[in-house]
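Take a look at the structures listed below.
Two complexes are shown next, each including subunit A; its partner changes from subunit B in the first to subunit C in the second.
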Partner chain A sequence: MLKKKICMVGDFSVGKTSLTQKFVNNVFSEKYLTTIGVKIDTAFINDTKLIVWDVAGRDSLSPINASYLVGANGIVLVCDGTRQSTVRDIKDIWQVVKERIGEVPTVVALNKADLEDWHIDAEQTAYFEEQGWQTFETSAKEGQNVKALFEALVSEIG
Partner chain B sequence: MTQMDDHHQIDELREILNGANSSELAALKERIDNVESRTRDVAEVLAPAISKTDSDALVSSLKDPVSSSLKYAIRSEPEDYAEILYPVMAPAIRRAISQAIASLMVTINKTVESATSVSGIRTRIQSFRTGIPYAELALRQSLLYRVEHVYLIDRESGMQVSEVTSEQVEGLDGDAVSAMFSAIQSFVQDSFSRDRSAMLTDLKVGDHNVWVAHGPTLMLACVIQGNAPEALKGDLYDALYKIRTDYANEIASFDGNVERFEGVESYMHPLLQLRLKEGAEVKVGDDGEKTAKRRWPLVVAALIALGFIYVWFMQSSKISTVEYYLRQTPGIAATDVYWSDDRLVVEGLKDPDAKIPYGSFQAYGIQPEVLDFRTIPFRSLEVDMELQRFRNELTLPAGVYLSVRAEKIYLYGEAPITWLTENDARIRQLAADGRLTISALSASFESVSDVLRANFSERDLRTIRMSSAARTDATIVQIGGSLSPKNLTFISALFAGNRWVSVIANKAEVDTRNADGSLIQENADGSLNQENVEDPSS
Partner chain C sequence: MVETNLQQHINQQLFEKLELAYFCVDQSMRVIDASENLESYGYTGVITGANADDCVDFMFGLDAHTELDLPLVESPSGKKVSVSLLPGSTFLTVLISNASVQADQRQLLQQKANENELLVEQQIILMKQLETASEMLEQKNVQLEEASRLQTSFLSGVSHEFRTPLTSIMGYTNLVKQALESASDESSENDKVQHLRAVQRSSKHLLSLVENLLDHGKLDSDEIVVRPKATDLAEIFNDVKLLLKPLSDAKHIDFFVELDFEQPMMVVTDDSRLRQCLINLLGNAIKFTDSGSVRLTAVLSNDFLKVEVSDTGPGISEENLAKIKLPFWQAADTGKTGTGLGLTITERIIELMGGELEISSVLSSGTQVNFEIPAPQLNATLEPIAAVAPSFKQAKILLAEDDYDIADLIVMMLSERGYQVSHVDNGELALNALESQEFDFVLMDIHMPIMTGYDVLAELQAKGNTTPVAIMSASTVESDRAKAEQLGCFDYLIKPVEIDDVIRVMNLALEQ
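This part shows the complex of A and B:
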């Protein structure tokens, strides 16, 4: 059996945990996010077992705990489609990731696609295309593109 | 020179060079070209060649073809291989079953013992209150420590490489748990320690401890319930060292493919230790799946054994039932009851008049066709059998009865003189043999009167008296009275040889009996009657 470590990273409150919950087998409660800054769940894509590290969101007071990224085989960058700042912040977050673990297969989730006040356009996501990242408009609430997001990442990891 | 000349010259040159060896070369060529001779050559050198070959290389190259050949052969001729393996397997299976049964008995004894003790009852209440199974609580109470899980974890990614779990413990998602260990390690390191090389080696939560042994790239974490000795840490590092040594290549190129670490569990199983408070240590290694796989032949064998035990029990039970009912049956003495070719054989003695209690057998599911009576006929002198036999043989008339008192059979009552005369010899023979008591058997006055009436006038009849008199062996009817010599002679002739009737010539003797009230009184109508006849059945 093949196992892969996946890290979900993004700003605070972009919906990383909700997105993860749509896809995984719950093992630990969410309180770990606030205590040690990460919560771990598992899921299967075909014969590959994903160990999904839902890393607590970044905000002005607490940076991402980059230690949790070590050894990751793939990264899901999550931003909130209703908050442009979270899209811009992806660049900074990516820098942190790259410095710590180097370039690894990455996909982007533009989350909360079910909400009406969507503020993302092609110009704002141009950076993602430059990086060669597949980008998915996702909705944790409706399950839109959630599975496709993880399948694409597993496919990239190879 | 032409090309043909060239070839000719070359052949000549070859002839000169080879000279006399040319025939040997031809023979060699023939030997190489001929498949049969080549096969013979190889066969000659094969055995010595194998003995001189590097054994590891030979084993390696033969492994696959031999394995395939064996699989094919076993699949195509399973019976033959089963027969070959039977002498090896059968004792092992027998031993395994006896061990399993012995272990089961110990468990049952312990359970009964603990269930009936005060602490056992307390544990049951606690189990009911907390929802934790009784067995688990009982184990915890008698437990010094138990290693419940051992995780081999890639330090960098936190990914679980392998896991073994004690079979009594519920399995967790080892990948998530391993990752969380790793996360906690990072968290503690980042939050509280400035020394990046400092490692989290101990965790304590309630009565659970987590001990972690760290290597350069792997860590070995074990979850312990209770207080384990420090020596276990040494075991942990020893196991990690062996894994690092034996899986160095796999560790160096670890990419999440855990299948490359096949067999690593064997290094971790010895760590799954369990020590009870009494001091006896039991290794309870193996993950559930492997244990289940290894145990299924035992389970099958145990089920077969239980099946045999059940059949044996049912057959023994039927033997006991048959023996019991035959013991209660008069006229049958069973010396042996056993099963033979699906038939229940009864050996012993059987009176021809004895009745086999088929009804009782059928009530216990023993059908008559299953029973095979291999008995020798005999005459049973048991009272019940004798009674039954006499009833069949003597065809008792009205007024005559058979009864049993103190293991003796009595034939009593007043019988027609004709019946007594007919059965006289048989009855007296039985009495002489002690099989029948006839002291209270006599001829009825009425039947004797009938004989007299047929031969005497009414006037003569008035002169005749009858009485009964007890003798040592039976009761007889006495005839007397004021008889004329002629009548006396006639009556004597009439009952000559009849031992049930006696004719008395002496009037005085009869009168004497008359005086003591044992005589027949004549009625007014001339009929004869009796008084004070004893009833032996009373």
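This part shows the complex of A and C:
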């Protein structure tokens, strides 16, 4: 059986845990509970077992702990479509990833697509295209593109 | 021996206090040793010979040579643990310690910090929205002030525009009245005719102002309608010339009218709309030209009428040229008053007539306004009214009109031409009259007491009475005309009605 380690990274409160829980357990909670450290879950896509590391989000006081990324086969960069700063911060977060584990297959989730105050346009996501990352407008609440996001990453990992 | 026992005791105490658990793996990541208490963290199946990443998820992707600290990892038991990977020369030791207390404390602080940061972010967004709203309000305020300024300027313009022809009407009427009352009337008949012509011109001017005001209300609702009909083009231009010449004379500027077609020239166009446009354009040209000339040229070629109005006025800046067709807009620095509606309405009418109004201007040199509209030429000429169908003069006409001044005027004018006219002042009397006597033609107002013109039309329609009825109404609203037409009226004349138009419609009805 194939196994792949995937890390969910991004700013705090962008919905990394919500996306993971929707994907792994098909549940969603409106309540915001910040992740401390890392939570590891497993799920399957076909015959591939995914070990999903839901890493605590980056905030103004603490950067992402790059130790968690060691051995990752793929990265899901998550940002919140209603907070433009979380899209801008992806650049810095990617630097941390790259320095620690090099360039690994990556996809981007523009999360919270169900909310009305969506602020993302093509100009803001141009960087993602430059990097060649597949980008998905996701909604953990409604399940929009959640499975497609992970399937795309697994396919990129090969 | 004692030392070894002591060391073991201490180690035991430390392991218990920190709830330390461990396992060791060889270079191929197979478990070679494991503490029994691993299960308290939910790590089961960690037995000698097992693959580490099969029984402990976080071990997948790691190797036996890399030293690594993984703080606050959620173990399968739900407890947060700190994991330390300590590579040795032949095996890797993985130490796991309970970090629940640290995690709980961190959770509380981090949760608050993140929630606060989210609040700050939301505050920033709200502040930006407030700033935007405030800017929009400020813009709206400026727009409202501008609208208020335009309204004031519009009212003052309307007042001025109306007072000018009214002054002329009142003055000349007074002159004629005095001449008629005076025993020693020294003014000639010719003078009186000239005075009355001035009154007529000013009345028409007043009417065109009213039409502009009414038409403005229809701009948004697309209710302005053009009604092409056979008309003498030369008569329109000559009328306009006579109407506006006194204005140019009063300003001592030349007013040239050059017509490149024969007179009379019968074409199909909406005469009153064309007249309205020419008055608006020439009125503007004369108003803004203080010296030099205003020139109107008209060419009829291949069933198209080309008109140009040029003046030697102050010209219009590029900036103002862009705004000049906006409703109510008037240049602030000209010192001229007006309604600011003429050009807006003219542009729309020209558009409806199938043309386009073009304005070009050079500051300090003057302005040219052009348009070209279809005007299909007719071979026939309009017969003079007085010569039309003398036999119809015996026709019996019923006039239903509640305004006695208007009724008297129409009765007098029709009687002078030999028609037999009966007058009633409400709809019910009109209906009674039509039931008890025979009439050849009915001329009827809409808004009358007891029964309106619409009610009478409906009753006549219901009773199958086919006497032709022409409506006279002050309403220019298209739906009113449509309603009357639906109820079978023969024609719809808009007040003030010209007696010649009444007779033309009447003769047409009687011919049928």
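Quick notes on this one:
In this text, the second predicted complex is superposed on the first by the 146 of 158 C-alpha atoms of A that agree within 3 Å, B and C clash if a C-alpha of one lies under 4 Å from a C-alpha of the other, contacts with A are read in each partner's own complex, and residues count from 1 in each chain.
Convention: a residue touches a chain if its C-beta (ideal position, glycine included) is under 8 Å from a C-beta of that chain, and two chains touch if they have at least 3 such contacts.
Being a predicted model, the structure only gives us computed values, none of them experimental.
When the shared chain is aligned, subunit B comes close enough to touch A:L2, but subunit C does not.
Within the superposed three-chain model, A:V38 lies in touch with subunit B and with subunit C [touch as defined at top]. Of the two partner chains, subunit B is the only one that A:N25 touches; subunit C does not reach it. When both complexes are overlaid on chain A, the residue A:Y68 reaches subunit B and subunit C alike.
Judged by the touch definition given at the top, the superposed model places A:I51 against both subunit B and subunit C. In the overlay built on the shared chain, the residue A:L115 is in contact with neither subunit B nor subunit C. In the superposed pair of complexes, A:R83 makes contact with subunit C only, with no contact to subunit B. Shared interface residues of subunit A, touching subunit B in one complex and subunit C in the other, are 3, 5, 32, 36-38, 40, 42, 51, 65, 67-68, 70-73.
Interface residues of subunit A facing subunit C in the complex, by the touch rule stated above, are 3, 5, 12-13, 32-34, 36-40, 42, 51, 56-57, 59-61, 65, 67-68, 70-73, 83, 85. Against subunit B, in their complex, subunit A makes its touches with residues 1-5, 25, 27-28, 32, 36-38, 40-42, 49, 51, 53, 65, 67-68, 70-73. Chain contact summary for the complex, subunit C toward subunit A: residues 53, 57-58, 60-63, 66, 68-74, 80, 99, 103, 106-107, 110-111, 113-115, 117-118, 121. Put simply, subunit B touches subunit A in their complex at residues 154, 156-160, 172-173, 175-177, 179-180, 183-184, 186-187, 189-190, 256-259.
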